[in-house]
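Data first, discussion second: the structure below is written as structure tokens.
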Amino acid sequence: MKKLMNAADDMVDEALAGMAAAHPDLIRVIEPNVIVRADAPRQGKVGIISGGGSGHEPMHGGFVGMGMLDAACAGAVFTSPVPDQMLAATKAVDGGAGVLHIVKNYTGDIMNFELAAELAQAEGIEVTSVILADDVAVKDSLYTAGRRGVGGTVLAEKIVGAAAEEGQDLAAVTALCQRVQDNVRSMGMALTSCTVPAAGKPTFEIGDDEMEIGVGIHGEPGRERRKLASADEITEALLTPILDDMPFSSGDKVLAFVNGMGGTPLIELYVIYNKVAQMCADRGVTIERNLVGSYITSLEMAGCSITLLKLDDEMTRLWDAPVHTAALRRGA
Amino acid sequence: MKKLMNAADDMVDEALAGMAAAHPDLIRVIEPNVIVRADAPRQGKVGIISGGGSGHEPMHGGFVGMGMLDAACAGAVFTSPVPDQMLAATKAVDGGAGVLHIVKNYTGDIMNFELAAELAQAEGIEVTSVILADDVAVKDSLYTAGRRGVGGTVLAEKIVGAAAEEGQDLAAVTALCQRVQDNVRSMGMALTSCTVPAAGKPTFEIGDDEMEIGVGIHGEPGRERRKLASADEITEALLTPILDDMPFSSGDKVLAFVNGMGGTPLIELYVIYNKVAQMCADRGVTIERNLVGSYITSLEMAGCSITLLKLDDEMTRLWDAPVHTAALRRGA
Amino acid sequence: MSTFDSPAFRRFVETFADRLHERRDELTQLDSAIGDADHGINMDRGFSAVRGKLDELAAADLGGFSKGVGMTLISTVGGASGPLYGTFFLRLATSFGDRASATPDELGEALRAGLDGVRQRGKAELDDKTMVDAMSPGVDAYEAASADGMGAALAAAATAAAAGRDRITPLVARKGRASYLGERAANHQDPGATSTTILFESLRDAVAES
Amino acid sequence: MSTFDSPAFRRFVETFADRLHERRDELTQLDSAIGDADHGINMDRGFSAVRGKLDELAAADLGGFSKGVGMTLISTVGGASGPLYGTFFLRLATSFGDRASATPDELGEALRAGLDGVRQRGKAELDDKTMVDAMSPGVDAYEAASADGMGAALAAAATAAAAGRDRITPLVARKGRASYLGERAANHQDPGATSTTILFESLRDAVAES
């Protein structure tokens, strides 16, 4: 295992301490491992919180700040945070207008957020939840735990965060978050595995001429192992199921998000984006906005994911709204 | 070789096409592989250009835009661009106030930029050059080609770009760039090698329990191979020579930049930053500003570099000034 | 012996904690193949926390002790197994109430309550390839054998849990992360069913020791 | 033969281009050890570009042809070797002027001018462990043997260049990227000195062929 780390058990704590040291204007870190917006709680503003296992940086802690999240709960690496964290976050950001929990669809996240929501409601805080489940690699059926929440989460957090920032109420931001979820699709792939620090060895073995198609963001094996292919073929393998699933069709306006998995450099992501732009143009789908970079990662895994969000005018406006977080900044 | 790529020879072209497609509001790409600010040339503004081999993304193309570079020349991977590129860039951005070339200290970059400057001057454009050479891993002596230009370049481009944006003249921005160079020190390390796409195999072999200390940004072996160490020990091995070289001492105000080499995830960079903050505090050095992320990379190499810049008030003000590029954005 | 008291519960918890610690890598390895490589780490983190406050927890009655374990797991494990094992111990607690010790039948009722709690929280059915597939036959076997005494019943339960764990190995998963893998999850042993088997074996051995 | 004309120059350029292409991986491999793994790629890119417009370039006189090669290299190679080899050919061009062919002495003068250009542009001294350490003894040997005819002189030059290339292998580098490595650059063959040796060998063989 080759990582810039000290003891595996200290990695998340030390990274959070590093974040707190680097961004005191934006955030503070409170026990138990909750990243809270420096100026929280804001009276009258709906609180937006999210969280999940660590190892996906900058998600979610890098998205805490003006116009995005009010707090993020950082679990152990690839492990859902515990209800105590979501409860502490909810209490820390509640400004009297209620709190929205943005939850990625994993059994552990769902159960832990559920427990926290019950506890918060028992303390008199109004809580709603929206579950992100945008990964088309997983069949959404009775025979699975449902689609995973992946890249769409980043877009939801930005758009919903902007809505809360401009003063929309809990019902409105909750409905908006659900609308983002209903209109977003993603799929990912891996060239390499990653190593959970406490596990000490790669989650899966993979040959030099192989790749995993349909991976999530936890270093889990994907739906299918294939021979290594070109960037164009990989883009087709990811984007075609996305386009077909929604489906996205001629005349649609979309936000296209090409995401790196942590170990993939930007030059490769732009090669992928180049093909995404061509394929969308071929289908008559207009890319109105885009995001290219590593925003939702799997430790040092090499690979990428593609996300398309069908935009409506409100989403576009909120995507463009000012945001000031460690990882995303504009107009501020 | 595992990369998201098509033919090795097309990689740079395709990545540039992807950049152009993703950021039409910011940049255009002109022949031969020059990324130019969309609104260039700006009359009366000093043009700031840089360039170098590709494989260091987002540097330099990701720094083209308001408040930073006017143009960037993208060479083949790890190969200095050719004079035709710098000449084309210089002509494309010249607004009558002259053009500054920000050059990283590599034999090839120096010679190619020199040739281009001669050609531009022959065409009546006033050109100055500043050479960045901040890598303390290299002894600056008669027995070397001098220190390499590494992380300090990113800081110089931001600060000098802001000065040009606010209307400082060629002499002033040139002097400022030299001042940044005189006050900045860096050092890097690698956990893994990287693979030049056209070469097809890793530049060096390295054991699972080894690391290279004192690497540059071209996948070249470093000054010394050591046993793999903890993040804290690595930070000490990089930061102590930096602190001692300048030297940075109690009362100094600095910008601390923790940079990922392309294959290193953000969580690890924050672990490093945590230790950097502690070490600076121990020396009485105040970190006034910081930057944590992968801004000057070596393809998919895993590793990091640390850069410290001794700030004066003007540099701090210019660091804070608005910037709008693909990779750095604030106040816009 | 025919009752289950606080010292026995403590031995059980300590044994379970020890074995999870010893088999941490094995559990994580199983989770690497069809999950996210953290099950052993998660369980060990939770039970290390439990061990850290064992004296405090064990001072309570059987219900209080069990509740303390459940709360600690919920607060420290995370993931899917935190709420599930946490709920298991919380339901045990409700069933034990303020008893100082439990008869074989009362222990059976508590285990049944724990299982029901896990099923409600996780909504897994039999054959979904989860811990339920070890826990459910374990509880069934306990009840069927409880007339033979607690020791015999727990031995039967552990055997049945192990059999359940192995029975589902060929299956495709329909709950939890392993379900994402589709056919690729077949012929891999489920980590949660494995830790549940360790739970029953620890219970058996803790009671047998006395 | 005793003169060097445009067809000979063309054979030289083609031979050099062929060999750089064949030995591209070898040169890149040498550059992996003490540089940035691109020397073979760079040289091959440049000389592929030269080959692509050879008919056009070769239509000119010796000076024009050589100038065309130099300009093409400067515009396509990049890195350190682009300006250095580019300058070499540009200086050859100035020395050849508008001659249709060169005598042995004139070729010697041209090679000397090329070497001087490389030294001025790169500021490398002997023993800095660069292409200069192959080029300089190559030119010296040519001059020393030129009375014996062009073929003999070029054979001597190629031998001397190879000897120069090998002589510096044990040395630590003081110019170029290899200088960053300090002691670690010792006992590695220099990629640029290797390509320069190929240049002299190509020149020898191209002239011998006629």
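Of note:
Note that the chains take the letters A, B, C and D in the order they are written out, and that residue 1 is the start of every chain.
One rule holds for everything that comes next: a contact is a pair of C-beta atoms (placed from the backbone, for glycine too) under 8 Å apart; a residue touches a chain by one contact, two chains touch by 3 or more.
What you see is a predicted model, and the numbers here were worked out from it, not measured in a lab.
Common neighbours of subunit A and subunit B under the contact definition above are absent.
Note on connectivity: the fewest chain-to-chain touch steps from subunit A to subunit D number 2.
With centres set at the average Cα position, the gap from subunit B to subunit D is 32 Å.
Subunit C and subunit D have CA centres that are 75 Å apart. Centre-to-centre separation between subunit B and subunit C, using Cα means, comes to 54 Å. Not a single residue in subunit A touches at least two other chains.
Those residues of subunit D in touch with two or more other chains do not exist in this structure. Taken as a contact graph, the chains are arranged in an open line, each linked only to its neighbours along the path. Inter-chain contacts occur between A-B, A-C, B-D.
Within the complex, the subunit C residues that touch subunit A are 25, 28, 32-38, 41-42, 45, 74-84, 121-122, 172, 174-177, 179-182, 184.
Those residues of subunit B that touch subunit A in the shared complex are 2-6, 11-12, 14-19, 21-22, 54-55, 57-58, 62, 191-192, 208, 211, 228, 230-232, 234, 262-274, 277, 290, 292, 294, 297, 299-300, 302-304, 326-327, 329-332.
Residues 53, 75-84, 106-108, 111-112, 114-115, 137-139, 142-145, 148, 196, 198-199, 203-204, 216, 218-221, 223 of subunit A touch subunit C in their complex.
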